[in-house]
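In the two complexes that follow, subunit A is the common piece, with subunit B as its partner first and subunit C second.
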Partner chain A sequence: MLFTSPLRYPLYQLGNPQLRIFRPNWFLTLVRPGKEQPPDTAQFRIPMEMTKCDVKNYLEKIYNVPVGAVRTRIQFGSNKKRNHLSQKVKQPDYKVAYVQLAQGQTFTFPDIFPEKDRTAAEGSVEEMQEKFLEDEKQKQKPDPRRGGVTEWFGL
Partner chain B sequence: MAASSSAGRVLTLCKQFQNVLRISSAINTPHCAANFTKYQPHVYRGKSPLAALSWSTPTSYLGQCRALHTTISRRGLEEFFDLPENWGETSVKSGAPWTAKQLRTKSNEDLHKLWYVLLKEKNMLLTLEQEAKRQRVQMPSPERLRKVERSIIRLETVVTERETALRLLQTGQEKGRPGDWRKNTFGYVYWYRFKEYAIPWYMNKRYKRKKFYTPKFVEPHIRLRLEKHIREKARKASLKKKTLAKLMEKFPQMKVSAP
Partner chain C sequence: MAARTRLPLLFPKNLPPFRNQRLVQTEAAAKDPAYPPIVPSRTAKSKSALRRQVEEHVQKVRASPVEEKLALITRIQRQKFVVYPQTFARDADRWYQHFTKTAYIPGLPEKFTRGQEHTGGEEGSPPAAAQTTVPGIENDAFADIRSLISRVILQEHWYQKKRRPFLFREQEHMVGPLLRNLVSGLTYSLAKYNPLLPLCSLDVNPQVNFYWSRGQRIIPRGHRSGRLEPTRFQIDDHPHTQIRITQQLPEFAPLEASYDAEVPEITLAPNLMPMFRRQYDNNIFTGSKLPDPARYGHTQFHLVPDRYHRDRMARQQQSDQVEVFLRANGLASLFAWTGAQAMYQGFWNYEDVTRPFVSQAVITDGHFFSFFCYQLNTVALSVETDANNPRKNLLWGTESLRLYESVQDGEVVGLNDSVIKLLVQFLMNQP
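Now for the complex of A and B:
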C-alpha cells in the first residue's frame, strides 16, 4: 500500500474521542451529470471508502461549500467487454455522490473546452508549419481556370 | 478560505515561489487546515464572483512585520476547475514537482497546508481529465497529474519519516502498529500485524480458527518446496556459467565483470 494512512481506523467504543483524519487521501472528481439534475445538485465521483458524512465534511471543511444533503450510489463497471484474447475486461466500479448545496446556491457544470481561435505567433515554428500545410492543400485543389471541370475530360 | 488556485498552482509546482511559504509560516493561522490563507504576491486573482470577505492580519502576530492583506476567497466549487484563461488551451505551463529534499526543509504546518493545496490541484486535474474524456477532447498537459501524484507521495514519505523519528525518540518503538513474527500453516514465517478488537482473543471464534502453526503433515511438503527452490537456483547458476564459458570461447579477450 503506497500510503501509510491506517488501513484500519481506531476502533470506536462509547466515550472514545471523535476520529479526526489529517491529510485525507481521498480525491473527488466533479463530473457533468448524465441525466438532468436539479439546479442545486452537483455530481461527484468519490472513492469507495467515503461515506455521505465524509463527503459532507470534506466539502465543507476543505472547499467551504455549504452542503445540504448527500446521496450516494455505487456504479457497477461493466465486465462484458472482451479484449483481443477474448478475456473479459472489467471497467472499475466507482461511487457517485449527488450533493445538494444549501443556502439556495446553484451550480451548473461549465463548458471547459470552448472553441478558441488559435493563431500562431509571428515567426514561430507553428506559423511556418501552418503556412506549409496551407500551401500543400492549395496544390491539391484543381485548377480554378477550368471552371469546375475535372481533368478526366481531355483539354 | 483557501488560497487562490493560481497561487496554489504556482506554489505546488514552481520552485521559485517557495519563498511565499516562508511568509505564511510567520502568520499565526488558526488550527483548522481548511482555514489557511496565503499571501499572493503578483498572481492575485482579483475579484471573485462570490462575495469575498477581506480582513487584514493583525500586525501584532507578525514578527517580520509586514502588513499583509489576505482575502478569504470563497470560490467553493469553482476550485474544481482551472482558471478561466486556461479553458480551451492545448497545453498549460507547470513547474517541476516537489522533491523530498525540498520538502524536508519545510515545517510541519507548511507541509500540512501543502497537502491540501496538492489535494485540490489533483481534484481539479481529475475533473478536467474526466470532462476531457466526456467531450472526447485531449486533456491539456496530463503530465501535471503525474507531477502532483509524485509530490503527494514524497510529502507522505517525509511526514512518515518525521513521525517514526519522533516515535523512536519518545517511545523507542520502531513501528506504529504493533505486530509479531508468526508462522502460518504453510511453514512461512511472516510479520503478523495486530488488529484492534473489542473482545479478547480467546473469545474471538474467527481468530481461533486461524492457525499460527504448521501441522505435522505439511512438513514433507516444506522439504519438497525447499528442494525445488535449491534446484532452481542451481539451474540458474549453471546457465550463467555455461553462457559465460561460451562467450569466453568466442571472445577470449572479453573482460569479465566482477559478480
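Now for the complex of A and C:
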C-alpha cells in the first residue's frame, strides 16, 4: 500500500494533534454478477493491489457496510484477439471480489435500464406516424373472417 | 373265403377307438406361445436403453448382500462436493439442511423436555423427594456425577500445570483431554443404570464417512455438455469421541410427523457457498466395519477447534455465526453417522429406510455445551427417488449452554445442574 500525500505534515511529537489524513487511492466498481449469486453477496471489481482485508476495511470504514466474508479472484483478460496488423490485443486483467454481507442483509443489483413505456404524446407527429405504421401492418394481415385458411386458392 | 388281412401277431383285444378321426377341435391352444419379453435394447444408443441399464443396475444392487451393495454404490469415482461439518462458510446450516433434506426444530424432543417440566413442578415439592429430576438416577448418583465432572475440570485446569500451547492448538491441549475423561467417566458411572452401556463401544477419534447424491445440474461445458449430472456429496468427519451400541434407539417423533416439516430450498449451485469439488474414494463408514455387533449409534461428542472458538469469532465481529457453525456441525456429522448406519443395514437410495435411525450429539468448546438429536427418516435423496418422497429428516438442537463459570482456588464456580442433567439424560437414552 502506498500513501502518497503531496502535503508535508508538521513533525509529530507525543501530545500533538493528529493531522495526517490517509485516503486510499483505490476505487471499487459494483457490478452485476454474470452468474446468479446468493442474495447476501455483492460483486465488485477491485484494483489488483487490494487484498481481502483491504476490501473489508474499505467497505466498513468508508461506507459503513457490515461485511461478513470476502473472497477474491483474478480474471485473466484475453490475449487471443488480433488487430488489423495481426498483433495480439490484450484485454486488461482485473480482480473480482465477492463480498458476503453480515447481519442478514441482502443485496440485489438494481435494474439500471428499465423498459420505458414508449407511447408518444397526444397530437404529436410521432403518434400519427405510429398510427400510420400500425394501419399498414394491419392491411398486410390476412382476412380474419377466413379463420386462418390461406388465400392461395379460392376466388 | 376269409382273406388273410395283414394284422399283427398279437392282435389287441381293445383297439383304440377311431384312430383316424382325431378330435381336432378339442385340442385347444392350452399352452401359450413362449415369446421372450419385449424389452428395450441394452446396448443401443437410446434413452430407453439407458433407462434399462439403470434399472438393471438397481435390480442388481437390490439383490446383493450388504457388503456388495456398498461396494457397488461407491464403486465409480466422480467429482463430488466435499462437505466439511466444521466450516467457515456463512449460513452453512441452511445450505446443509437443503443438501440433507433436514428440518431444524429448536429445542429438544419431548423425551428430554418432559424431564425439564418435571423440574418446574417438583421444585415446590419437599426436598426430601428421593428421585431427582432425571428418572432412574438417585440423588447420590447425581451427586457422584457432579463431583466427577468437577474433578475432571479441575484436573485439566487446576492440578495439571500446562505450558502455553502452540498457535491454534489450545483446544486440543486444554479441552481435548477434559472431554475424553468426561465421556469415559460418565459412561462408566452410568453403566449400571443403562443396560446398553456395558456392551457399548467407545471410539476415540473415529472416522465417519458418508456418500450421497442430491439434485442435478446440466453440465455447461465439455464433451458431456447438455447432459444431466447428479450432484454428489461426501462427508469425512472425525468426531472427538463416539458411543456405538448394539440395539437401536427408539424414534423421537413418528415418521408421519416429518411430512409437514419445512426444509429450506436453495436453487443455487453448492459451489457458491463456497464448497469445493474433488474426486477420490467414496467411503461409507460408521466408525467400525460391517461385522461389528455395535452397529447402531448412540452419542457423538465434538470439539470446537480454535479456529471457530467464540472468542475468535467475536474478535472478527461474527458472533452470530457461532450458533450457525454449531448447528451445521451437528447436522452434517449426525446425518453422516445415521446415513452410514442405515447403509450398513442395507437401506440405500432406492430402498428407503423402514424404521427411523436416531442418534445424538454434544458439541462443546470446554465451557459451552450444545445438544443435538437427529432422526433419519429417509435416505432417498436423489432426483428420481425424491420426486414423491414426503419424508424429511429432523434435527432438534439447543443453543449453547454454559457448564461452569470459572475455576478459582481449586474449586469449580457456577456448575450448571441443568447441563449435567441433560448430559446424563442423553447417555441414559435407551429403548
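Please note the rule applied: the second predicted complex is superposed on the first by the 94 of 155 C-alpha atoms of A that agree within 3 Å, B and C clash if a C-alpha of one lies under 4 Å from a C-alpha of the other, contacts with A are read in each partner's own complex, and residues count from 1 in each chain.
By our rule, contacts are C-beta pairs under 8 Å (C-beta built on N, C-alpha and C of every residue); 3 or more make two chains touch, one makes a residue touch a chain.
What you see is a predicted model, and the numbers here were worked out from it, not measured in a lab.
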If touched residues of subunit A are counted for subunit B and for subunit C, the larger one: B
Which superposed partner A:10 touches (first subunit B, second subunit C, both, neither): first
Contacts of A:102 with subunit B and subunit C, given as first, second, both or neither: second
First (subunit B), second (subunit C), both or neither touched by A:27: first
Touching partner for A:61 - first (subunit B), second (subunit C), both, neither: first
Which superposed partner A:87 touches (first subunit B, second subunit C, both, neither): neither
Subunit B versus subunit C as contact partner of A:36, first or second or both or neither: second
First, second, both or neither for A:114, with subunit B first and subunit C second: first
Residues of subunit A that touch subunit C when the two form their complex: 36-38, 40-41, 66, 68-69, 71, 100, 102-103
Footprint of subunit A on subunit B - complex, ascending: 1-2, 32-34, 74, 76-77, 79-82, 87-90, 112, 115-116, 119-120, 122-123, 126-132, 134-135, 137, 153, 156, 159-160, 177, 195-198
For the subunit A and subunit B complex, residues of the former touching the latter: 2-4, 6, 8, 10-11, 13, 22-24, 27-32, 42, 45, 61-65, 105, 107, 110-116, 118
In the complex, subunit C residues that touch subunit A: 88-91, 268, 272, 274, 317-318, 320-321
